[in-house]
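The same chain A turns up in both complexes below, where it pairs with chain B and then with chain C.
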Partner chain A sequence: MATAFDPGRAWALDPQVALRSERFGALAYHFGTRRLSFLKSQKLATVVRSLADQPSGHDACLAAGVAEHEMAAYERALATLATSGMIAERPSA
Partner chain B sequence: MSASGPIGASVTPSAPAGPVGRLVDQFQSGLDAPICLTWELTYACNLACVHCLSSSGRRDPRELSTAECQAVIDELQRMQVFYVNIGGGEPTVRRDFWELVDYATAHDVGVKFSTNGSRLTPAAAERLAASDYVDVQVSIDGATADVNDAVRGPGSYAMALTAMDRLAAAGFSGFKLSVVVTRQNAGQLDDFQAIADRYGAQLRLTRLRPSGRAVDVWDELHPTSAQQRELYAWLSDRGERVLTGDSFFHLAPFGDPLPGLNLCGAGRVVCLIDPVGDVYACPFAIHESFLAGNVRDQGGFTAVWRESALFAELRRPQTAGICTSCEHFDSCRGGCMAAKFFTGLPLDGPDPECALGHGETLLAARGGQQVPRSSPDHSRVRPLDRACDESPLAGTALDVLLA
Partner chain C sequence: MLDPTAASPPEPEREPDPQPPAASDDALIEADLLVEDVSIDGMCGVY
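Moving on, here comes the complex of A and B:
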């Protein structure tokens, strides 16, 4: 479930979460908690989709083209998603 | 079914400042697929609640078959509709109810269903407790049997509590206790909370709409303005702990907006599929004026959602009439379309329960004008009453239930 977000660790979308692409970004729905989240940017949707393939949350942001000056905002968004259990830490490869 | 606000999910905006603008504006113009929808599986019901928003009672012979329901679920899966709020009627009276629930969850469509509890056997409770993808809400409309049974019928309180006993015994925590707030139960909010706590359930309060049979009893049942204010304060204190199905956004002028999306999602992010496959803008608007199409039409539900003229109209910027100049318009947005329609008020004006009292003024000015009625009516009526169908008094036999 919910864990504190550390951008240096490896993350993935929780297996009970469905992500749906939208014009504004994406909608995420957690079937277990029945919580809905709005990802209000395409770049954030890309970050979240790529989490499972990247060695860390920070790397996922870099790969999606998040600039240094945006990094804090994106890490905050990921932290919110971690708090609500939408994303979960995975064992590092 | 009991009033079930379509978006029941908790809401977390996750938003680094982006160029997309406000989410409500995104939603106002509609999504390619609903976030969730309400699906009344049957008009059949063993109860005859005086305020039934779908005028349920008798099964409609044109009801969608199992295969047709499964085809709809296939579409919902392709559209990535996250979940359906299943109601009725009493949905569990359908012989294929559990089959359809299993089919939906196996196809990535979550299920929350509303029930009066009559068919929640111990075995059904255990089955529910074992599934992460199925949620249940049990309806009561009074914290005591006298208040509840006056609206939902004799024995219905005991029936619902038995169902909740079984859910709790099966280890299902967090199911929903669903209450439509009325003038008669508005003073029992703490008692409802105590019942929910006793069962490890979550309380869900929703708004009484003058839809379906409730059009006949709304004047006597809808909370007074003093009660609305107390309800707002009570909900504000509890935040996300009490669910509301986003149904009280018209009360936002009393203070800060309540948790939730706070917009009318009708035809934009939610809709209703009725037992015969008719698609309406929202569960509180079963009337031909809000009928967008039928899932049996060419192109199925997807085409109705994406191409219906009615939904296209709802997704255009709306005129708000005299509300436009109100300083609270941004939070209440003129309130509930169905509440206005079924009280005979103009859609581009205040909600009948406008927190500032503008609705009451309009209602008083209405005089004896006829209000619209839900077109499909599956109420169980005696043959004598059927003979009077052409009379303007047709349907008023239901008033007897209040006596």
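Moving on, here comes the complex of A and C:
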């Protein structure tokens, strides 16, 4: 279920989503909604892959090397993925 | 006269490789285009 994105919370790729590496970044396919999302940067693909291992969306961005001036754009990208159900909030540890 | 290219085997069909237009990360960030959503509902007839 899609939820509003809060970068301070813990997120992960939805279990129904397959992520395929592409030259431009990655292609995400949601088997439940049959939606595709183009992740059009390698860094964003890295962020999304690392979400499950990081305590928050913001931490995942930092770990992937997202610079401070890029942060707002990457958080908006994650918000788009949350709205489409590609990523889902997970319980904090 | 024989055409030497006529005997060439046809190119094998390849799975389409989805490639959105290339752009630099900075340009994508600037334009908020890091993510592009597509629904494949209604595309069944295409294949």
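Everything below uses one rule, namely that the second predicted complex is superposed on the first by the 93 of 93 C-alpha atoms of A that agree within 3 Å, B and C clash if a C-alpha of one lies under 4 Å from a C-alpha of the other, contacts with A are read in each partner's own complex, and residues count from 1 in each chain.
The working rule: contacts are C-beta pairs under 8 Å (C-beta built on N, C-alpha and C of every residue); 3 or more make two chains touch, one makes a residue touch a chain.
None of these values were measured; they are calculated from a predicted model.
Comparing chain B with chain C, more residues of chain A are touched by B. Once the two complexes are overlaid on the shared chain, A:Gly32 sits against chain B while remaining clear of chain C.
Judged by the touch definition given at the top, the superposed model places A:Ala12 against neither chain B nor chain C.
Across the two superposed structures, the residue set of chain A contacted by chain B and also by chain C is 22-24, 27, 33-41, 43-44, 70, 73-74, 76-77, 80-81, 84. Those residues of chain C whose C-beta lies close enough to touch chain A in the complex are 17-20, 22-23, 25, 28-30, 32-41. Residues of chain B touching chain A in their complex: 7-20, 23, 26, 31-33, 35, 80, 82-83, 108, 110, 112, 132-133, 135. Interface of chain A with chain C (complex): residues 22-24, 27, 33-41, 43-44, 70, 73-74, 76-77, 80-81, 84.
Of all residues in chain A, those touching chain B in their complex are 16, 18, 20, 22-25, 27-29, 31-41, 43-44, 70, 73-74, 76-77, 80-81, 84.
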